[in-house]
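Structures follow.
Each of the next two complexes has subunit A plus one more chain, namely subunit B in the first and subunit C in the second.
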Partner chain A sequence: MVARRKEKKSQNRIFIPLEGLNQTLENLSKHFTVWVPMPSGENEWSLEFKPLHRGCKILLDRQSTLPPKKVILPQGQTLIEYEYKKSESDPSKQDLVLREVIDESPIIVFGTRPCDVRGFLVCDKVFLQGRYIDVYYRARRLNTLFATLFCREADDACFCSSVGSGPADMEGSDIGITPIDGGWILEGLTDRASEIFSLCDCEAPDEKQIEDARRVQEEVRSMRVGNLRTDGVLEGVKGQFQNMELWRDIAESCLSCGVCTYVCPTCYCFTITDEPQGLRGERLRSWDSCMFYQYTQEASGHNPRPTKLERYRNRLGHKFSYFPLRYSGMIACCGCGRCIRSCPVSIDIRQGVERVREAHHGCVCS
Partner chain B sequence: MWSEITKKLQETVQNIMPQVEAVIGWERGFNEIRIKPVVIKKEGDISKLVWNPFCVQNLSGYLVKSPAVIPREGRRVAICVKGCDSRSVTALIQEGFLKRDQIFIIGIPCSGTVDWRKVMKRLERSSVIHRAEIKDGRLMVEHAEGVEEIPLREILLRRCLRCVYPNPTVSDVVIGETVSPHIEKEDLYKDVEAFERKSLDERRKFWAETLSRCIRCYACRNACPLCICQDWCIAERRDPKWVTQKPTLKDILLFHGIHALHLAGRCTECGECERVCPMEIPVMFIKEKLNETTLRLFSYEAGIDSNLVPPLLTFNPHETGI
Partner chain C sequence: MAVYVPNPYLPEIGTVTEVIPETPNIKTIRVLLRDPERMKNFNFRPGQVAQLSVFGVGEATFVINSPPTCKDYLQFSVMKVGEVTNRIHQLVPGDIIGVRGPLGNGFPYEMMEGKDILFIAGGIGMAPLRTLLLFMLENKNNYGEISLIYGARTPQDMCYRYEIPVWQKRGVNVVLTVDTEAPGWTHRVGFVPTVLSEEAPSPKDRIAIVCGPPIMIKFVLFGLRELGFEDWQIYTTLEKRMKCGIGICGRCNMGEKFVCLDGPVFSMEELQSMVPEL
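Moving on, here comes the complex of A and B:
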């Protein structure tokens, strides 16, 4: 037994058979909160990441509708809890009791795709690598592992290869998952993987399975997903900033809803509110969206982004120009296509980028 | 068939173009089953316009929500409407947001529009869609991994399966043949009635499960042509504060309750709120209950007669029945 354990610990690959997936992850869930993609409802098309529960339906054959963003950036996150209590030393006074809520419990997200993890690499720049470190984000981020699929399920909204990533991009992942006939091969990519494998209670793959996985990976590596060109957008957004005709052309049909930002793995904007309930309450960080009017509403009454045109300009500009200008060229879009698929009016960010480029290059020529 | 109607539509637009400021219609989106709204301002763009059962969006909100296309003096804005959309236009006129003589209504009888998610569910995978064609009541989809044929009825939006006004109720020109509704008028609220026969626990469980999926993206609110507060919605207001920003069922329920009540007797059942929801929550169902009540109490249907005042926008001390 001990010897077997030891042998497992040293292995860098395991094989999970199709019928063994739930059990394997249930084993893991004794030590970690395991998030997996599953259907949102009984008959729904949409998928979302949720914590594993016994007998749940894990779906690894297409991209989730909602990204795993909320694992690290919950839609509503309590930062501080507070309570007013009668002061023990002076009964005529109240004491304010504060409790900071930092969650450091270990998490595995199983079944992410390269675009999902890329989303966190973008958010990391903001929350971990600037002048200020976000302790709430850091606590969750450092305690989360990603097991990522070599992705073979690109559709006509995907364009990860156009924005510096790709369907075989394992940057930021701890384990690579390769789907093969009859199951999945899991391969350790960071030191943290072997700990997981030792808890999985799975066999090592045989020669043939390793060869199958190699072939799948090769195929995925050779895929180029998307053909968006991004040269010139960086300067283009700046140059076309005042060209409201252009932005009208791009975003006239926008509803100014929050779908695109809430399904986006790289949209990290939040708001902070105090939510009291009697003598106690919490300071809450919740998702916000630059597509909302209130997002830029100033106390004076002035709103620098009064219409959806300025707001859409910000969404596109932030991802393809302001962010890369600030963070050494990294485009703040992972090309997952979620905003395109879920937009109620089918606004296509690729088309927006294309229009900006055209307008920009047009300007240069004339 | 669709290409013929599209051709007629383009010809019609060609003819009226000199008199209108712009034409709001639909064009192809990122694939053939995803159509998007388009505002045509110059003749050269008319060829973009299409009509087919993928033209899901109700465009009437664009007439009123900022930055709307405002016609210059003496000109009009043309808009393409399906049966359900035409009721939204009437409702906007009823409530004083629009003037009838500022718009030119291109009505298109509609035999139902397609729910793309239902198509995907039939394909059982995400796949690149190469071609989609609807013929003789069937959809044929050619995608990266094969061809699928699906009876149209199985992939229509829920709103379309219960639509009783498929022909525009108001228009300046009609394109295409009159169609017959999918259901009889007396069956309009049979889903509501069936639901009400369930036990309180079952009903509570249903809403708890479906609404807990809500991500509070407010697409349902913003897509509704009659949700006119939009940027000043109680859902986001801090002062006075009605709803917290927590994504908990309690707050979600409160938002949807308020949303629905603000539409009581105004909602035309265009189904946009439900169609746009990324989490597939049947939010129109809540409004259907309110409309059933409005019909029963006031014999009133929103967006049918532009001369009527919606019952909750007026006060009659002699009101009977309530």
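Moving on, here comes the complex of A and C:
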């Protein structure tokens, strides 16, 4: 009894050697779907999270090109299956049978970064903490664990420390991953971690490895990533709402391609459509984008956001003003920089924020 | 762990019990939810909306225009403008329809108690006002004088024509108008804003509730202000493209407000504090 308790206690940290990563995660994949960052295609220039398969290449050396958003909020997802049938009680009548498709299978996302998880904390506000609870999001969210890296790979586009997070932010994560020489130290952050560690079949780290990890964490904690200032933007968006010269300045080169929303961990907008196949079919939810004209177009033909200026204003406004106004100050941006890296015309949301700030402060002074 | 959370995307299954043609492009349908318990407990405020759902085509948002006390059916008036509304127009009694609701805020009728009420409607804009009008008639002692200015393009474009005499009998002061002269038309001729300024109702202790096409609303607001109405005395209901109807999917926002969740009813005072993105 005593021995077992001791063993459990020692399992709050495990060490995974470099060459043991795939095997360890394969052990876990008997019980969970394990999502890991791997190359999108043949080459390695683009990374995305995919379910682990035997012999796959797991790349933890840089941020993934696409965030793990689709793990919880799939790009396309069946909400309801429907079928029209003859009524059993009255064959002259039709019946409609509806089936909710709710996925509660257990998932581990291994190798997220603080910005990735921050994205879900933002989405949680909308899907779980409003007047209505999104049962589809909830089912996947509650059954998903995150093993998150202490992030040492910030580049010029990163600014997580400017938006309430940071490279050592473990909020929302169940396991912290610290890269050290020769492997990774995994550390349990929530109760759910010990169950994982018991399935991993790994050694506990030795004293030196623990000390190495401590040093790495200290280094990451001391990092400040990004120097964006967001003061005044909350009010500034509304104050500058009709300053179309400003918005033209910010968004004139926008192509309305929507890639910024596609790669964004905090962009969650969706559409709902029906896909019929004869008398049965599915009601689907799919990612949508506020960058698209059709997104707000009404049946009458009227569109409240008819040009890219209104649409970009809404995207920036939503992230830095409307969302924090609605959800106790939280900025709906995780500072991952993906929109900046992916934009084909090099629009930098930080510059937009900066211009709104300047215009706003300029206004206040004059 | 297994906490039951209702699925806000799952419609109730209902049956169309009656279809009433209103105008060449508007039909009113009455729907009975199949589950008698759900029907009995379907409580809503005047002005709240529901998503009507034809599986295989999709969903669209409509105001529930029957009064909340009516437990025999839920009533919706549907203008044919898109795919879903086209399909709804093909429904006949006995057909199945999904209902998701009630959604949205509804009218703040409590704060209108003791006041005179002026309804101003144009075309299909009468639908959201009908439910409140009937609700107020049921609680007539709580309100002062109830009047209605209702305009449509032609007499044939006027909804609920068959009911208007009943409303008048129950004490509503009704002024009807159409855009241009029409054979047999004995009421007013002219646009709603013009008729409003001719009628010139006093703003004293009166609440104005406006719904209609955007251009009508714009000039009616102008007229009401001319007459001395203040922004807190004026209410309207907004329309936006909607999908989820529950403040999640994102598209119907005006700044930090969602029309589906925080609206569709707003006072002019609230609208003034929101971003102008109509």
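The rule we apply is simple: the second predicted complex is superposed on the first by the 346 of 366 C-alpha atoms of A that agree within 3 Å, B and C clash if a C-alpha of one lies under 4 Å from a C-alpha of the other, contacts with A are read in each partner's own complex, and residues count from 1 in each chain.
The rule we apply is simple: contacts are C-beta pairs under 8 Å (C-beta built on N, C-alpha and C of every residue); 3 or more make two chains touch, one makes a residue touch a chain.
The shown structure was predicted, so the numbers you read here are calculated from the model rather than taken from an experiment.
Student: Once the two structures are overlaid on subunit A, check if subunit B and subunit C clash or fit side by side.
Tutor: When both complexes are placed onto subunit A, subunit B and subunit C end up side by side without any clash.
Student: Of the two partner chains, subunit B (first) and subunit C (second), which one does A:Thr271 touch, if any: first, second, both, or neither?
Tutor: Both partners.
Student: Is A:Val263 touching the first partner subunit B, the second partner subunit C, both, or neither of them?
Tutor: first
Student: Calculate the angle at subunit A, using C-alpha centres, between the directions toward subunit B and subunit C; round to the nearest 10 degrees.
Tutor: 90
Student: Answer with first, second, both or neither: which of subunit B and subunit C does A:Arg326 touch in the superposed model?
Tutor: The answer is second: A:Arg326 touches subunit C but not subunit B.
Student: For A:Asp61, is the partner it touches subunit B (first), subunit C (second), both, or none of the two (neither)?
Tutor: Only subunit B is touched by A:Asp61; subunit C is not.
Student: Just to be sure I read the superposition right, which of the two partners does A:Gln242 touch: subunit B = first, subunit C = second, or both, or neither?
Tutor: second
Student: In the overlaid three-chain picture, find the nearest pair of C-alpha atoms across subunit B and subunit C and give that distance in Å.
Tutor: In the combined three-chain model, subunit B comes within 6 Å of subunit C at the C-alpha level.
Student: Which parts of subunit A are touched by subunit B and by subunit C alike?
Tutor: 271, 273
Student: If we count contacts the way the header does, which residues on subunit C are in touch with subunit A in the complex?
Tutor: Those residues of subunit C that touch subunit A are 5-11, 13, 55-60, 81-82, 85, 94-96, 98, 214, 239-241, 243-244, 246-256, 261, 275-278.
Student: Which subunit B residues qualify as touching subunit A in the complex?
Tutor: Of all residues in subunit B, those touching subunit A are 29-31, 34-39, 57, 61-62, 66-67, 117-118, 120-121, 125-129, 209-210, 213, 215-219, 221-223, 230-231, 236, 238, 244-248, 272, 275-276, 278-280.
Student: Which residues of subunit A touch subunit C once you look at their complex with the stated criterion?
Tutor: So the residues of subunit A touching subunit C come out as 79-80, 82, 84, 93-96, 98, 100, 102, 126-127, 130-136, 138, 238, 241-242, 268-274, 276, 281, 283, 288, 290, 295-300, 302, 304-305, 310, 314, 317-318, 321-323, 325-326.
Student: Which residues of subunit A touch subunit B in their complex?
Tutor: Against subunit B, the touching part of subunit A is residues 40-41, 43-46, 48, 61-63, 65-66, 75-76, 153-157, 248, 252-253, 255-259, 261-263, 271, 273, 275, 284, 286, 289, 292-294, 307-309, 340, 342, 344-348, 350-351.
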